[in-house]
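What follows is a single structure, and I will ask about it in a moment.
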Amino acid sequence: MKGNIKIVTIGGGSSYTPELIEGFIKRKDQLPIREIWLVDIEEGKEKLEIVGNLARRMVKAAGLDWEVHLTLDRREALKDADFVSTQFRVGLLEARIKDERIPLSHGVIGQETNGAGGMLKAFRTVPVILDIVEDMKELCPHAWLVNFTNPSGMVTEAVMRYGAWDKVVGLCNVPIICRKIAAGALKEKEEDLFFRFGGLNHFHWHRVWNKAGEEKTAEVIDKVYATEGGLKKAMQGMNSSGVRNIPDISFLPGQMRHLGIIPCMYHRYYYITDDMLKEELEAYEKGETRAEVVKRTEAELFELYKDPELNVKPPQLEKRGGAFYSDAACELITSIYNDKKTHMVVSTKNNGAISDLPDDVVVEVSSIITANGPVPISWGSFDSSTRGLLQLMKDMELTTIEAAVSGDYDAALQAFTLNPLVPSGRIAQTILDELLVAHKKHLPRFQAKIRELEAK
Amino acid sequence: MKGNIKIVTIGGGSSYTPELIEGFIKRKDQLPIREIWLVDIEEGKEKLEIVGNLARRMVKAAGLDWEVHLTLDRREALKDADFVSTQFRVGLLEARIKDERIPLSHGVIGQETNGAGGMLKAFRTVPVILDIVEDMKELCPHAWLVNFTNPSGMVTEAVMRYGAWDKVVGLCNVPIICRKIAAGALKEKEEDLFFRFGGLNHFHWHRVWNKAGEEKTAEVIDKVYATEGGLKKAMQGMNSSGVRNIPDISFLPGQMRHLGIIPCMYHRYYYITDDMLKEELEAYEKGETRAEVVKRTEAELFELYKDPELNVKPPQLEKRGGAFYSDAACELITSIYNDKKTHMVVSTKNNGAISDLPDDVVVEVSSIITANGPVPISWGSFDSSTRGLLQLMKDMELTTIEAAVSGDYDAALQAFTLNPLVPSGRIAQTILDELLVAHKKHLPRFQAKIRELEAK
Amino acid sequence: MKGNIKIVTIGGGSSYTPELIEGFIKRKDQLPIREIWLVDIEEGKEKLEIVGNLARRMVKAAGLDWEVHLTLDRREALKDADFVSTQFRVGLLEARIKDERIPLSHGVIGQETNGAGGMLKAFRTVPVILDIVEDMKELCPHAWLVNFTNPSGMVTEAVMRYGAWDKVVGLCNVPIICRKIAAGALKEKEEDLFFRFGGLNHFHWHRVWNKAGEEKTAEVIDKVYATEGGLKKAMQGMNSSGVRNIPDISFLPGQMRHLGIIPCMYHRYYYITDDMLKEELEAYEKGETRAEVVKRTEAELFELYKDPELNVKPPQLEKRGGAFYSDAACELITSIYNDKKTHMVVSTKNNGAISDLPDDVVVEVSSIITANGPVPISWGSFDSSTRGLLQLMKDMELTTIEAAVSGDYDAALQAFTLNPLVPSGRIAQTILDELLVAHKKHLPRFQAKIRELEAK
Amino acid sequence: MKGNIKIVTIGGGSSYTPELIEGFIKRKDQLPIREIWLVDIEEGKEKLEIVGNLARRMVKAAGLDWEVHLTLDRREALKDADFVSTQFRVGLLEARIKDERIPLSHGVIGQETNGAGGMLKAFRTVPVILDIVEDMKELCPHAWLVNFTNPSGMVTEAVMRYGAWDKVVGLCNVPIICRKIAAGALKEKEEDLFFRFGGLNHFHWHRVWNKAGEEKTAEVIDKVYATEGGLKKAMQGMNSSGVRNIPDISFLPGQMRHLGIIPCMYHRYYYITDDMLKEELEAYEKGETRAEVVKRTEAELFELYKDPELNVKPPQLEKRGGAFYSDAACELITSIYNDKKTHMVVSTKNNGAISDLPDDVVVEVSSIITANGPVPISWGSFDSSTRGLLQLMKDMELTTIEAAVSGDYDAALQAFTLNPLVPSGRIAQTILDELLVAHKKHLPRFQAKIRELEAK
């Protein structure tokens, strides 16, 4: 029987798309798809063709009758959509290279999700996602927006706060990796563990219990996070090559023990800033920042994708990093469609799940996925070793989004000042100014300031 | 294979016990029981024998090798227990009759769970449950306490707050009835609906969504709660005879519409106090208060239980009211034992689930039942049509428990003043004084005041 | 030198006006008045003439050159005003008689400020005050609104929340009486005591310290509130005849001791509801409800006011009740004008002063009066003997205002259900319906419902 | 007439003492002193003699009969004291030099109040202040503790939280300087302005209004904080030489405009970290860190103090920095003693004054000083440009105090990680380790860890 679901993927020309298609195919029995629309922009047309054709071959090889449409016309695609996933990058990987290299050129971590680079990415992305939301209100008012464009938490917050659109879920693969690490350390099957995650995108902590109800958090900390080399080993041990976006350096054991809850891998930027910076500067010197590596990997991937014989997701995609990302999106869509009550970690409205943050902000927490979207599981409150840092990060996010929406330079500077990854003062200003000018083309709301900076 | 679980039921001579045994038998494949201990006190010895023998016949008829022990020695029973369920009533049904009739003799609703009667029940019960907890700390420190002794929310709160024992869950059958009512009204299967409950024991509200993610709350309100006779019809329509404890009177349609969320049946005491009082006064005049009716029903039940041929739960038990109660306890125990992640509505620590109440108070909310106990699902915040009333009730509970623990008469009077079901002033004082004297035997902590009152 | 302040009093024909004028005269050195405008409506024209002429004689006798204008044209009066005080009663005392007698006819306390009567008064008053605010935005955008129209707290809340006008202060004489009672009980001069008040209008508590920093709260409770007859004695002992609006009945000593903080006189409605109701029903039977008594007193006062020889506030005004009210308004205006930093108890935005209530609601708290208005002094949090009751009252207020603004009958019924002074259920509905019909003329927003009720 | 107040100053040999004595003399009519006890330790004996004799000469020259006692016996001094002021430095200025130089030797700001240095100062000071509190409980249970030992906020928090002593007030001169700066910028008399301060010690913001009630905050920001060189000019313009502890560098104008509220001078460490570090490194290279400069200044001061002809506070003391500090202490004591209701900015329990922080933490806010101590004025909530940063700093303080009390190295490392002035990671650990070893003598609670570090 012909399916009835219409799925739209904005940024459809992404190298991730094969994983997404694979994810849908894997769930074909639960997800009666009729059409998949891959949307991209003019600059991404070639990639869209390549990856779109691969997608078609994959669907065909799976013996499915799904229509795969490729288009540059976003509005045509959105018409009557059921699910819209977003995985675009405004300015493409060239922009990410700037996001990472410009701060590093001043001896500062770039970090394309929560650092200076990530803030610029938010400035570029937020206006576009808000445009998409406006289109959705008109063309597919019942659709769910499944975002995995980074900074995923900020983008989700912007959609809810400024787009006034609540049918949005932010996704990330980091919690998935965290679960695998814990399961590996405990030598347990992942499905035999119960996890509770609380925090923000790329800035969350978790606790874990076994099937007997015993908390195993301290044991995981001890084996993985408070042991020199423990994390590296844990990640090697994983089936997948996992999160390649961040270098593999050990936390400080004493601080980990005091935490009492398990950080995510991105916490290394905040907890061992000096080592992370050192590693990134070395990569910078060699022209091997993560952005540059990814760019090369992507070029290779697209070469592979062109192969007309290829009709499955090539294993090399895992080297790209971001594994599990698209699969999580497929699982989320399937859970909403089937009201599965799956437990997933998503960015959604707090509603009291974390007592230390206002009800109306977006957090990344363990949630039950219903047909009406995610319902968070209560985390409770953090203690003083984490609470204030979390609250600061949320306010950094809110101020970044404020700047992204208003184009107010002073707000942007404030957000830079708040960010723990950016040293405050003239250096913050210098990096901000340089990034603004570099991204001029994709920052329509900051034009006046950029012209002023260029005139200097 | 011989099971390994030891279950202890305090108040084992209760007429409910056959439902409990039936519930365990139904779950025999998930719950490898070794021993069930039914504990009671001297005054309940005869009932314990009767119901205990029925329990043994039931177990035998089911072809199970479970040992069923009957004892008056609580400490012997508690030794190495895995689960302890509590369903006792200090002072037996005679005490309940006083709880209900003394307030009514002054024209005031008694309400043995949240009214004046319920507060006295808390005064009698809290010291006993705290004793049980002290025994558990010594004899079975890893056991879970599953409480369905009323007032279930207050008892659970007392155990956590004054007993410093977190492995406790409070249970009630009201949410189960509410679910059935909603399913009936929507002509949907219960398992196809998603519910979120928030509030306190016998004082909660809920919302409901269907399989397509559409909120059906307004439709349920419209059909059942804002329609004259709607609730009566809904409850007749239920398979079970359900909650017989409270009379069947309609809410005010306009107020229900404004609420926007669905009340529980007990809200009638607060929302249509006048009609409820009128009905109760009629019953009082005829000697047919709920306590008196239950007493007669129980006598009949125990006659039935004596029948040596009887080896199943007799259908007449449902007339007793409280259906589903024991079944819920069995399901809870099974879920904890098997880490089932079942969704149940239980009394547990708030932890932010309801933003309008402190993190550390006990609330009755939708929760996921894990091997480590319940984890609440976020409710979020209430609006002004419910928030303040909920907050008042919580503080009435806290003040009642404070009085129960301290035996402080002034605190007891304050609690009476706070309770919306008790008119404030001399009448509250009069009812309180009369109840204290009437329950003299079971209120060791209030002895000084009671002697003073008697001396008058 | 000619003054420069323009003061407008809406409801200028009130019998209180002479106290107001006296208050201004007393402060003539701090308050350089140029014009006083007394505004009233057509129905109040005669009273306006009488009291206006007395005001002129008073000003003249004081040797002042202030212009006293009498007008029915509110907009003319408001033009360029500096301070606008509001003391009007929509529907005049006839309406108050209905507010009090209709509930009493059903055996329910009327209470024209926070009871059923007060809610109807809010329904009539809120739309009018919001109209005044709209005029002020246009005609005197820098003026302060000093409200002492009851229910003073709700009116102030409505102005801030729905009028979006923050330059408003709500005033009441109850805290002033409370201070005098405490000073009398402690045999201290009022100015030697330090008070902290927290709560809502007619629903606040206070604590008191002496010059040595010792808290004297318990002593005041002991002497006045927890002693039979103590409050009566305390009020007789006062210089003024004080608050005549509420009968003089003793609190319950035990409950007072448990409170630990001092209630206001209006708390008797909530704490000893039965005695208050009894007393009110007796007055009702005799046609001597407070409204009726006041109506007669007022008639006598206006006879006195007509005397062309009278050029001071006649001492008989104190029998009217509400003493200190107008004086408080004069002191407030003087404090704002001179940035005096006076400590006063006013209705203003919470801003955290009471931790148990949201930041953005109006509370009645001790404040410092600056040229920019009141800044509250931190109260902190209440304990469980008061917190929930306070939170309920705030939500009752919010729901009442919601109904007043929207004319939504269901919201009105919800507000009645929430009010602890109104028994819930059909009786609440009956009283509400009867009051709506009785006040038909002054409830434009409820017209559709009223027509429906009349058609029955 | 002989006075009756006994004042004890712990750290009485401080160079500040003459200002304190001057402050008392200035207030002699309001403060009937009988005895002043200057207490110090063996190492400070010589200074105590010098400054104590100057104090005696000052008192005598003022024609007062106050007894000035010098002692090394703290318990003798504390007996029956009315006010105890604390201004000691554990480890003397030598310790401060380490606090500042060790971090700088790793390229990190030392900052002896809120930076790495300040945390070590807290580790040394908290156990001592808690000992003093224990003595006070026994010897002078009614006395007030007036603390101006830095880090003043943390010390006050430790006294309340771990000492369970609420009669403590923390003082600082920074708010006094801030007021003078604003008054100068606005060309207004300080007493004609109304200020509201909110935040933490050395980490607060303020707003200001003029006598007409107009907010002047933006104007002050514009003139002083968002203008290059504005702050320098403002501080030169001050009568006193003011706060010499921190270098004079301009804020970022854009960030200041976005703030909307006025930072304190210490915010430069957080807002323009790079420039501050640069300046401090230059001083470090030259052996002119603030600690070293102060040490020299002090030596000069004590030479002056020795002069037997000197009987007034020498003007050179102002160069020491910390002007107004002791005067503030005298004013505070006088205000408590006389129940003056003075407005002062002090460290005291939050109690809701700042909605974004828990009720029970210590904050530095505008307060009314009564005989019962400070009562905070409501600040309300911060917006996202400041809230999270404030919350982080509070948690850094709490974690620092936790470490100081427990001697837990992991907690200390966590506190270093949380501090925005300390780069996270191995460098934090290195600095912490080095500081612990360097301060070995004054860190009894960290001995085990220090031995471990030394063994490496």
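So that you can tell them apart, the chains are marked A, B, C and D in the order they are listed, and the count of residues begins at 1 in each.
Here is the rule we go by: a residue touches a chain if its C-beta (ideal position, glycine included) is under 8 Å from a C-beta of that chain, and two chains touch if they have at least 3 such contacts.
Being a predicted model, the structure only gives us computed values, none of them experimental.
Under the touch definition stated at the top, chain A and chain D share no contacting partner at all.
A separation of 45 Å divides the Cα centre of chain A from that of chain B.
If you average the CA atoms of chain B and of chain D, the two centres end up 56 Å from each other.
With touch defined as above, chain B holds no residue shared between interfaces to two or more other chains. In summary, the structure contains touching chain pairs A-B, A-D, B-C, C-D. The touching residues of chain A, counted against chain B in their complex, run 192, 194, 196, 209-215, 336, 339, 341, 343, 350-355, 359, 368, 370-373, 375-381. On chain C, the positions that touch chain B within their shared complex are 252, 254-255, 257-259, 270-276, 384-385, 387-389, 391-396, 398-399, 402, 408-411, 413-414, 417-418, 420, 423-429.
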